[in-house]
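Each of the next two complexes has chain A plus one more chain, namely chain B in the first and chain C in the second.
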Partner chain A sequence: MTDRGPFAPAAGSPSASVRSGPSGSSRTRPPSNARARRRPTSFEAIDGWLAAASAVSAIALCWLVFSLFTDGIGWLGFWLVAYFAFVTIYFIVTYERLGSLAAVDRLVTVAVWSAMIVVLIPLLWIVLYVIDKGVPGLSWGFFIHTQKGVTPEMSGRAGGAWHAIVGTVEQVGVALLISLPLGTMTAVFLSESRSRLRRVVRIFVDAMSGMPSIVSGLFIYATLIIPLAKDSKFFGFDGFMASLALSVTMMPTICRTVEVVLRLVPHGLREAGLALGSSRARVVWSVVLPTASAGVATAAVLGIAREAGETAPLLFTAFGYNYLNANPFSTPQESLPLFIWRFVREPLASSIERGFAGALVLLLLILVLFAVARFVGRDRTKSRPRPLILRLIRPEPSGSRLLAARTVGAPSEVGDLDDREAPS
Partner chain B sequence: MTQVFAPPASEAVTNHRDPPGDGSDPATRRAVPRYVGASPVGAVSLESRDACAWFGERLVLEGVTLAMPAGEVTALIGPSGCGKSTFLRLLNRMHELVPGSAMDGQVLLDGQDIYGPGVRAQEVRTRIGMVFQKPNPFPAMSVRDNVLAGLKLAGIKCHDKDALVEQSLQRASLWREVRDRLDKPGGELSGGQQQRLCIARSLAVSPNVLLMDEPCSALDPTSTRRIEESIDELRQEITIVIVTHNMQQAQRVSDSCAFFLADENEPGYVVEHGPTTKMFDSPEDPRTFDYVNGRFG
Partner chain C sequence: MDDLVTLRAAGSRSPATRSKRAIVEHRPRVDVIFDRVSLGAGLTVLVLLTLVGVFLLYQGRHTWTVLGTSFLTTEVWRSGGVHPHIGVLGLLFGTIVVGLIAEAFAVPLGIAVGLFIAEFASKGAQRILQGLVDLLAAVPSILFGLWGFFFLSGTIVPLSRWLTTHLSWFPLFATATSSTLGTSFFIAGIVVSLMVIPIVASISRAVFAQTPPSEKEAALALGATRWGMIRTVVLPYGRGGMIGGSMLGLGRALGETIAVTFLLPQVPLISAHLLQSGGATIAGFIASRAGNVTTVPGLMAAGLILFVLTLLTNLVAASIVSRSRSGQGVEL
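So, the complex of A and B:
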């Protein structure tokens, strides 16, 4: 791929001159473009062309067989047969060109990519469907107006979902405030303590996470709203009750994710903390949790993503309301899932359009909340972003970075290398 | 209580390749961080009397009586699985953190039993620091915060943190390499630098004793040499107990030596202990002679 430079193969033997210099500053290195770089397992342009050609020939073959010679086997059968024909042809072609090892490698690559595409199809379908149906009902007004004064005869673009957005953000936000500390503390208990109660607690957490979400709404309705609503507005239908119902399902989600992340923190770090004279609680707070901070943020994101779309727990807690109610502690409140649920059920085209616009806004809102949670939970001491798992498994910069430093030849990085590798 | 930290007396230039006037400037080395709430500073003797250790029902160490004099380097040698590391972890009460572990006997720090009633394990560990086999800097902290982690974790206050960071890194011979990247994450250093960062972190709380559990076994020869130089500089100011599988290293760094041995499925014990020169040149026990000469283990 890369052209070999004029002097790279033979002239000057650059590898000898690299080690001859007394210190980093006077070392001479060949310019980075003078070397032909190759990766033994790389997927090159010709592989792409071969794959495309194999795909075309597979489809042509299937068309020949099913459309000309037989009466066809339906579109699903056609594509399935075409897919296997493609895999077979591609395998044979690669086998001819590069041998069995590369052919098996390409076969597995195709299998992995196909699996990814199969998984992506429903996801993209849902998102595109919602966008397709929701965009017509969407306007700027949708984000700033409520359903105040909107009558069934008006078009789908009339009014908006501002009240529902406010409700969802408040309900999910309060639920997160409740369940993130509780879930994290439970996870710390499960992963850091040696109590015998851990088994019991873990069974409870598992049971809670398997509980149908409508039951959590019913639970709040039966234990708080029915007996207490007549005495106090606080315990009536309102956003806070919805937050409590959401917390019941959010807490186990967060707890289980955080527990998994805490288990990934190397045991040596805890020992190091203890050996410095720290208490175990202090080690958890100052060493274990900061190390796992990105994972805790992920847990929060997962919790948000799940709860922002929950409708069932809100049915008899937040109850729904067509106007703005920014106070989550009194009187019913709207939220986006409830908004969607109520409008999409109606037989009017304008209402259905409004409902799909709400669904699109809900998707966007979750996206924004994702971004915020990731930003808040980012690792501030890290100079370049690396995945948490990588950082835990291999604290040292990976070989690829060293390679990059070497080929790019940035002065500071080269200095690093000398420190690390100079044998004398 | 407030102690004045005694700076290291020696001014050994550790790296001849560095340009002169660089780093080991006496003015900066004389910086005097003051601690509040820390233990008394200086080397202190450590002694075990009839120490035994169990993991569950299995006795892994039996009747170890060993004196580690103040300000000296004691090396623990012996084949794998003979209880050296367990013995080391007995010395700062890390052993008891293992579920199902138990111990017997006494460990005297300056004549006082660290397993006595009313002695807090955390205070013991502040006075007796530990460096582990695998470098384990805190990945979520910067180099500077890693050095200061002990203060934060043990609740010790220090008036001049910058001076303490510099001094600790100096004593671990890491200052020159990291002084420009104190705010970079500790995990970005190389393996040898990480291990020296861990040594600096242990030194920052001014322990009386430093336990090292095969500190160089995961490192290359250059890093090993740097760490041995650090040990050499720390001699006198701090009592060091080091576990090593490397006979040459034991010979180079230690003043006295203890040879551990365990028969198959039997608890480990000390075969022989004494000054390093005697242990290597004229050991009394034939098994010691065989081991230090590489005949087994």
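So, the complex of A and C:
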């Protein structure tokens, strides 16, 4: 970090005023140091002490204001105000010592670091909170029993969510069967075809992936259930309708992830296939898709993880049911999010406990799926260090780079752009 | 300047240059089928979106024929009685207010997080942090709702109470006397912002990471501090991504359903008292009416409004991002 020092111009040299302007350079500098190098990004021991002192004085100030002069603001408000007081004090102190250039730099560094921490805290908090609340209601029976014969007087550990787990697995599984081929084909269209419609379709896929999930449930309800439920049981509230609603939201997610992966496939592989005389369909089928298989698998797992937690599309489609219904093609079916949704809204401590047990199971399921996706899509282009003996015998095996490029990992889940160079 | 970049990027990838490489445009039968099938898959998206609009319009047709434009200008939703008196205005107000509050928190935080991952974190930390941000995006909405309702709401209420006691001269902080503060637009907006942050952060990070290293080094060589380098090089370069990412986040915030159902009472209300309990959003209201479908055409019409609103937001956002994306990867 401090290595940029040598490149920082000396104070008073003509180039110092390029960025800092008139207010910057030698404002608070004693004359004896006038020729010394300015290092606005260096961080010394005294800076640490100043930061600590600023923090202490900010907390003391807030304590004075909120505990002595006015009534309480709650601990969240207290720390929030204390933080802003700290930033202000620290900025003023640095400004006095090093001038505006360094002070603004320091201010931004503090702000960016704290933003990162602020965003990670809720994640940790939600996980810990759900674990804390969910563990009391969880027992092995939760995975075996349904809500059959459970009455409101019974404790939260009575009964289980087996029917909900079955429902989730079936609905998400069928949704995956529908949306994985469709999403992959759309991704192939976006990345491999030469159609002029590609740009339009890509923008609409992006827009569709942001479509509210409640709308997809409402859409299936409006299109299939309202007009057709009178005549056939198949189109009533059931698991398959839920799968259709889920696949409407799942398809664009899978498509975007797969498309990014397809674009990472080296062009040389495609050209090699074409040069051998294959048709383009053959190249896609035998070269591009196998190369991107890890990425497609990751897309599928991430799609499952996202859809397993969706509640809104199920409200108008699967509808929820307290007993086991293993047939997704007729009559309402339960699923884990619906299970949580219905129980935590009841004003009974035992129901809420049951709901939180379901939330814990859902959270664990999603954490596991997420870990699987990370594992499947890990960066295999980065080859592990080879054993020393091999490196001594043969410095660089000729085929290793091609082998390393064989499978392409998966991108990040949300809004990843083509930010990784294709290995070539 | 930007036009030149786009032009060049488009030129380098255009079909013309690629087909030059193919000596004879020989299209085997299987390729024709392949093209048709993939085109069909691509068009499915357009067809699906059209169908969504058409069927929401069709099933909600009674709303439009009976109520006409008064549906758009009525605040309350009273479906009982002989003459139902329903409208989407109160819901629309709540939707936009929650979306704006969420954006007010999520845009600065999300961009800062994107900046941290792209510019401040070490190489090893980058992957882990991006993974955690992705994980935050993967946490289901219902868990945010549970946490927000059973825990966070009680934590924020003292803050709201203090604000409204001491700063009620500011109109947005005012509340009616002896009102509850537990399920307000403010709290719903904060929880929704947590779901929006990963979107803004991921897209900002992706565009920031595209900044040409040579330009960053040039700024540093001229004596810029890290912030000077970010302000003059990274932020201007990632402007399209930041705007587009924020709008995609807004689209997500407008359509956020389950968490909002927990955090608002779902009674339509137009009020500037953001800290006070009350209000509803379109998505949350529809979800809370599931299973109690007395006014299906009304819900369908409200759903159509939500669909159009989010689709427009997302389309603008996606085209901003994709336009900025096409300018990327170009070394100047």
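The rule is simple: the second predicted complex is superposed on the first by the 246 of 424 C-alpha atoms of A that agree within 3 Å, B and C clash if a C-alpha of one lies under 4 Å from a C-alpha of the other, contacts with A are read in each partner's own complex, and residues count from 1 in each chain.
The working rule: contacts are C-beta pairs under 8 Å (C-beta built on N, C-alpha and C of every residue); 3 or more make two chains touch, one makes a residue touch a chain.
Everything numeric in this text was worked out from a predicted model, so none of it was measured.
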| item | value |
| --- | --- |
| Touched partner set for A:279, first chain B, second chain C, both or neither | both |
| Partner chain(s) touched by A:295 [first = chain B, second = chain C, both, neither] | neither |
| Contacts of A:303 with chain B and chain C, given as first, second, both or neither | neither |
| Which superposed partner A:159 touches (first chain B, second chain C, both, neither) | neither |
| First, second, both or neither for A:186, with chain B first and chain C second | second |
| Touching partner for A:287 - first (chain B), second (chain C), both, neither | first |
| Partner chain(s) touched by A:137 [first = chain B, second = chain C, both, neither] | neither |
| Touching partner for A:236 - first (chain B), second (chain C), both, neither | neither |
| First, second, both or neither for A:266, with chain B first and chain C second | first |
| Comparing the two partners chain B and chain C, which touches a greater set of residues in chain A | C |
| Doubly contacted residues of chain A, that is, touched by chain B and again by chain C | 194, 271, 274, 279, 282, 419 |
| Touching residues on chain A, where the partner in the complex is chain C | 4, 7-9, 15-16, 18-20, 40-41, 66, 70-77, 80, 101-102, 104-105, 107-109, 111-113, 115-116, 118-120, 122-123, 125-126, 129-130, 133, 182, 185-186, 188-190, 192-195, 197-208, 210-216, 218-219, 222-223, 226, 248, 251-252, 255, 271, 274, 279-282, 284, 302, 305-306, 308-312, 315-316, 319, 337, 340-341, 344, 355-356, 359, 362-363, 366-367, 370, 374, 412-419 |
| Complex contact set, residues of chain A against chain B | 194, 266, 268-269, 271-279, 282-283, 286-287, 290-291, 293, 379, 381-383, 391-392, 395-397, 419-420, 422-424 |
| List of chain C residues in touch with chain A within their complex | 15, 18-19, 21-22, 28, 30-31, 33-35, 37-46, 48-49, 51-52, 55-56, 58-59, 108-109, 112-113, 115-117, 120-121, 129-144, 146-147, 150-151, 155-159, 161-162, 165-166, 194, 197-199, 201-203, 206-207, 209-210, 219-228, 230, 232, 241, 245, 248, 251-252, 254-258, 283, 286-287, 290-291, 296, 299-300, 303, 306-307, 310-311, 313-315, 317-319, 321-322, 325, 328-329 |
| Footprint of chain A on chain B - complex, ascending | 92, 94, 97, 99, 122-127, 129-130, 132, 134, 136-142, 145, 149-150, 152-155, 177, 183-191, 193-194, 198, 201-202, 205, 222 |
